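Chain lettering (A, B, C and D) follows the sequence in which the chains are written, and residue indices restart at 1 in each chain.
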Amino acid sequence: MQIAFIGLGNMGGPMAINLIKAGHSVKAFDLSQDALAKVKAEGGQAAASAQDAVQGAEAVISMLPASQHVEGLYLGSGNLLASIAKGTLVIDSSTIAAATSQKVAKAAEGLGLDFIDAPVSGGTGGAIAGTLTFMVGGSDAALERARPLLEKMGKNIFHAGTVGAGQTAKICNNMLLGILMIGTSEAISLGVANGLDPKVLSEIMRRSSGGNWALEVYNPYPGVQEASAATRGYTGGFGTDLMLKDLGLSQENAAAVKASTPLGALARALYAAHSLAGHGGEDFSSVIKMLQKNG
Amino acid sequence: MQIAFIGLGNMGGPMAINLIKAGHSVKAFDLSQDALAKVKAEGGQAAASAQDAVQGAEAVISMLPASQHVEGLYLGSGNLLASIAKGTLVIDSSTIAAATSQKVAKAAEGLGLDFIDAPVSGGTGGAIAGTLTFMVGGSDAALERARPLLEKMGKNIFHAGTVGAGQTAKICNNMLLGILMIGTSEAISLGVANGLDPKVLSEIMRRSSGGNWALEVYNPYPGVQEASAATRGYTGGFGTDLMLKDLGLSQENAAAVKASTPLGALARALYAAHSLAGHGGEDFSSVIKMLQKNG
Amino acid sequence: MQIAFIGLGNMGGPMAINLIKAGHSVKAFDLSQDALAKVKAEGGQAAASAQDAVQGAEAVISMLPASQHVEGLYLGSGNLLASIAKGTLVIDSSTIAAATSQKVAKAAEGLGLDFIDAPVSGGTGGAIAGTLTFMVGGSDAALERARPLLEKMGKNIFHAGTVGAGQTAKICNNMLLGILMIGTSEAISLGVANGLDPKVLSEIMRRSSGGNWALEVYNPYPGVQEASAATRGYTGGFGTDLMLKDLGLSQENAAAVKASTPLGALARALYAAHSLAGHGGEDFSSVIKMLQKNG
Amino acid sequence: MQIAFIGLGNMGGPMAINLIKAGHSVKAFDLSQDALAKVKAEGGQAAASAQDAVQGAEAVISMLPASQHVEGLYLGSGNLLASIAKGTLVIDSSTIAAATSQKVAKAAEGLGLDFIDAPVSGGTGGAIAGTLTFMVGGSDAALERARPLLEKMGKNIFHAGTVGAGQTAKICNNMLLGILMIGTSEAISLGVANGLDPKVLSEIMRRSSGGNWALEVYNPYPGVQEASAATRGYTGGFGTDLMLKDLGLSQENAAAVKASTPLGALARALYAAHSLAGHGGEDFSSVIKMLQKNG
């Protein structure tokens, strides 16, 4: 299938390459020549512009940093949507505001395009390995059209609801993750301040009612798990500033729908303070430093 | 074995009965004649006082509501510890301040007694079924002496560390649980306010990085899980006021060791507000009501 | 002076009338015929549209509910800015995102207009009495042009900085107010739960280091101050939902500049919960109910 | 009057000396010989023990660090209360748990003594200058007996209620102060992150509804007020760890009476994190560092 892929960053690049490896013909665009070169080296085509990329495409996939980029790409001065052939499938995998997904979807549907929002989780590692999780918003039919492509890039595909629901599901999940990580950090730090062994306490809580994903595979205390970001100095993994962005989206959304998320709101403020203290580039589990002596 | 059992409430009563059923000779004491009668009906002996109960006992087990009761029992005017034969094993299963456990343990050890703190989780259901989880603080030797008894009352036995560590592990775990439940409630409520189906969103998060014990077996949204407290009107389960007590202990402890637990501190305040609004007797997962329209 | 006034709600209506009373010629526009009628009854002119209102105006004043309305008015399909004569002074008194003020200002300046953002505090009472506080963002020159008009509607005029600074100052102030009110409510409620007299405690704190505006003139405990919203059943005053809107703007702003405002974030979540519980239309000091028995 | 003064720390020492300067005969006790020497140099007598100090005293004043010290002094093995002549006035100016004040008061009253709790605010500077604020719990009669002495050491004397009410009023006030300081820090930091001048913004808020004691006399932003702790590098003033202690008392109290203080609870956690990061010895207004770049 002929695919236009727009946005070849740390996530988009490997995703495009996985499509190429699966036998698809990918015409990609990015402002970075380096990023384009990497995809070309794997057998992709470098487009001269987004407009160029979508010519002849049966599916368009975008992976951009934030709401304004997605809105700018599809609805901005270039008016990309109008250049896409009627009936084409458009998949936006960026993590952005649900309201922006819905705005673009509405315009796309008006032009006879099938649009889904399909943000991912799983990080750079998952993008490279093709094991991402997709949270999809859109019609059943559009998702079924997209499924064969998504399966080349990911392992789990969840249908969250209508357009925008993928975004909402992702920020709900990541808000909860942001809370779990701080909560787990607090519990371990409190135990350690009382003289408990972090490994013993972590194992007790993991097998009790405090059990959660962070204790399972992402323990924030160095040395408790061999493969955790904490054990390798909080490098790699999911950066504090990325968590901060997702929590910002959750709070923007909460304000828009008048929801109350006290722990989520506080979690954003704590990651923000952690970032201000210079830890924005470290893995988000480094937030435990804020709760320990000599932070 | 001859066992003194002091405190026959909703938890202590069934625990004592399980020891009787396992063939032990139990001499029990409680201020309530009803509670004593129940244990007697199962083959136990009713003691006239705590002093009476410990006469001839090879092991003493206590299950009381709060720190002051445990301190009063063992160190108060009755001076119960001095009435217990040298070499006896003393197991306190109350959930109290770690500092109180350590104070009693020190006095007990000075009199040649073996003391462990062994608070439980698992609720009334677990107490009746004999499937409680014990979090134990004390020496290896004392725990091994206690193990055959604990195994009659529970399924999982964790050795958290030296005396007081059982209490610390329990409040760390329950603080984390209190956070998980509010965080999960926030995530589901935010999704629902955006039009998502609570069941679909719960399942997505359960299988993603937001996964935690609440999503697994204790979903706070009515109807998502058939057997949850939420689905049966927030009855049964673990009451808001019990969670409030445990979070109070976690904050007392955090103040004592100068620890910082921002989400834990906030969680206590939120359950307290929920209790003030009249929900203290409901299951703690009813805290989700605070985040939904018309409270 | 010939003035166009757009937006005649609870605030805008009385502001326009104060300008008329001061001798200005006001041509007003609002979608509500009732609102227009009131202004007409005081000697103003009713415009058929915003376009109509700005014809011949030496100054344009707008007072609208939210960012999207201001952006829609000035930059939307009607392209109102282009209809305003070069050199005209434009005053936007709406409370909106600073970024929106800046966007409109940039467009206005490109067309040779003088633009200031001048959000107000002081409530409906202040609007009627002409005692509002204006927080102004814009050039010294533009503010000096505006001052004679602002002085007809308000008492205090603060120059916060360049365009957008009025909005920022207002949300900073109102975020702090939102925090003060909850903090004061917590302190009084804690004292009362300990048996203290709310009047005595309020007076002690007012004259000590806990002193703040809420204790001075807006005590949240019924009966402490004769003229407070609390004493008249939390009617009148500044509604919970208005505070919620301002706190939402503060959090949107914090996310945009990566600031950390833990108490401000939590305050928004608490007012949101209070609104969900059915108190959105009551004065915001009713948030104290959340901290008291039987909510 | 013959006065026994027990506890000659940074606060107690200057308080005792002010009583001497006012013509009273002070027999003082402290474990530190240095502290005793200073009081002796001003004309006081050094007692060999607390028991010695209270012999012949018409009034006993204590100023100790924490609940356990006050309980140990009056009710501990030395049983000091029994050594105090019937009818003597006992003033405890320590900042401790209200419950401890009440426990000591009950024992004192049983022995025919007049007891008041009279914790202070105003810091070391106020202790030296004799301008402290006293918040008093006890009977009218006992307070009137104490007033002439309190007036030698302080300027404002508030009668908060019955015994323990002085302590409660103090922790309510200081909890509110702890919240005001963080809230003010957040508002200023948010403004500065948006390019506003901290001095201009502080002045606007001081004169608006955000006005509070911190903006009035204790601005946390360096350079805004010449005499503030912030401007002199956060030295002197009221230390982070002292605020942390008072907030810990407020949370202990909130747990005991089942009160909900969300902002107070969070404030304690934030000062605790600030202390863990190494700022425990700095003035508490340094908490603003947590909200600024490179904190």
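Keep in mind that, in the parts below, contacts are C-beta pairs under 8 Å (C-beta built on N, C-alpha and C of every residue); 3 or more make two chains touch, one makes a residue touch a chain.
Since the structure is predicted, the reported quantities are computational estimates derived from the model, not experimental observations.
Looking at chain B and chain C, the chains that touch each of them are A, D. A centroid comparison over C-alpha atoms places C as the chain most distant from chain B.
By count of C-beta pairs in contact, C-D exceeds the other of the chain pairs C-D and A-C. With each centre defined as the average position of its C-alpha atoms, the distance from chain A to chain D rounds to 50 Å.
Chain A and chain C have centres, each the mean of its CA atoms, that are 37 Å apart.
Centre-to-centre separation of chain C and chain D, using mean CA positions: 39 Å.
Residues of chain B in contact with two or more other chains: 254, 258-262, 264, 266, 270, 273, 276, 290-291. The part of chain C that touches chain B in the complex is made up of residues 262, 266, 273, 276-278, 290-295. Here chain C touches chain D in the complex through residues 98, 121, 133, 135, 156, 158-162, 164-165, 168-169, 171-177, 179-180, 182-184, 186-191, 193-197, 200-201, 203-205, 207-213, 216, 218, 250, 253-254, 257-264, 266-267, 270, 290-291, going by the rule given at the top.
Against chain D, in their complex, chain B makes its touches with residues 244, 248, 251-252, 254-255, 258-262, 264-266, 268-270, 272-273, 275-276.
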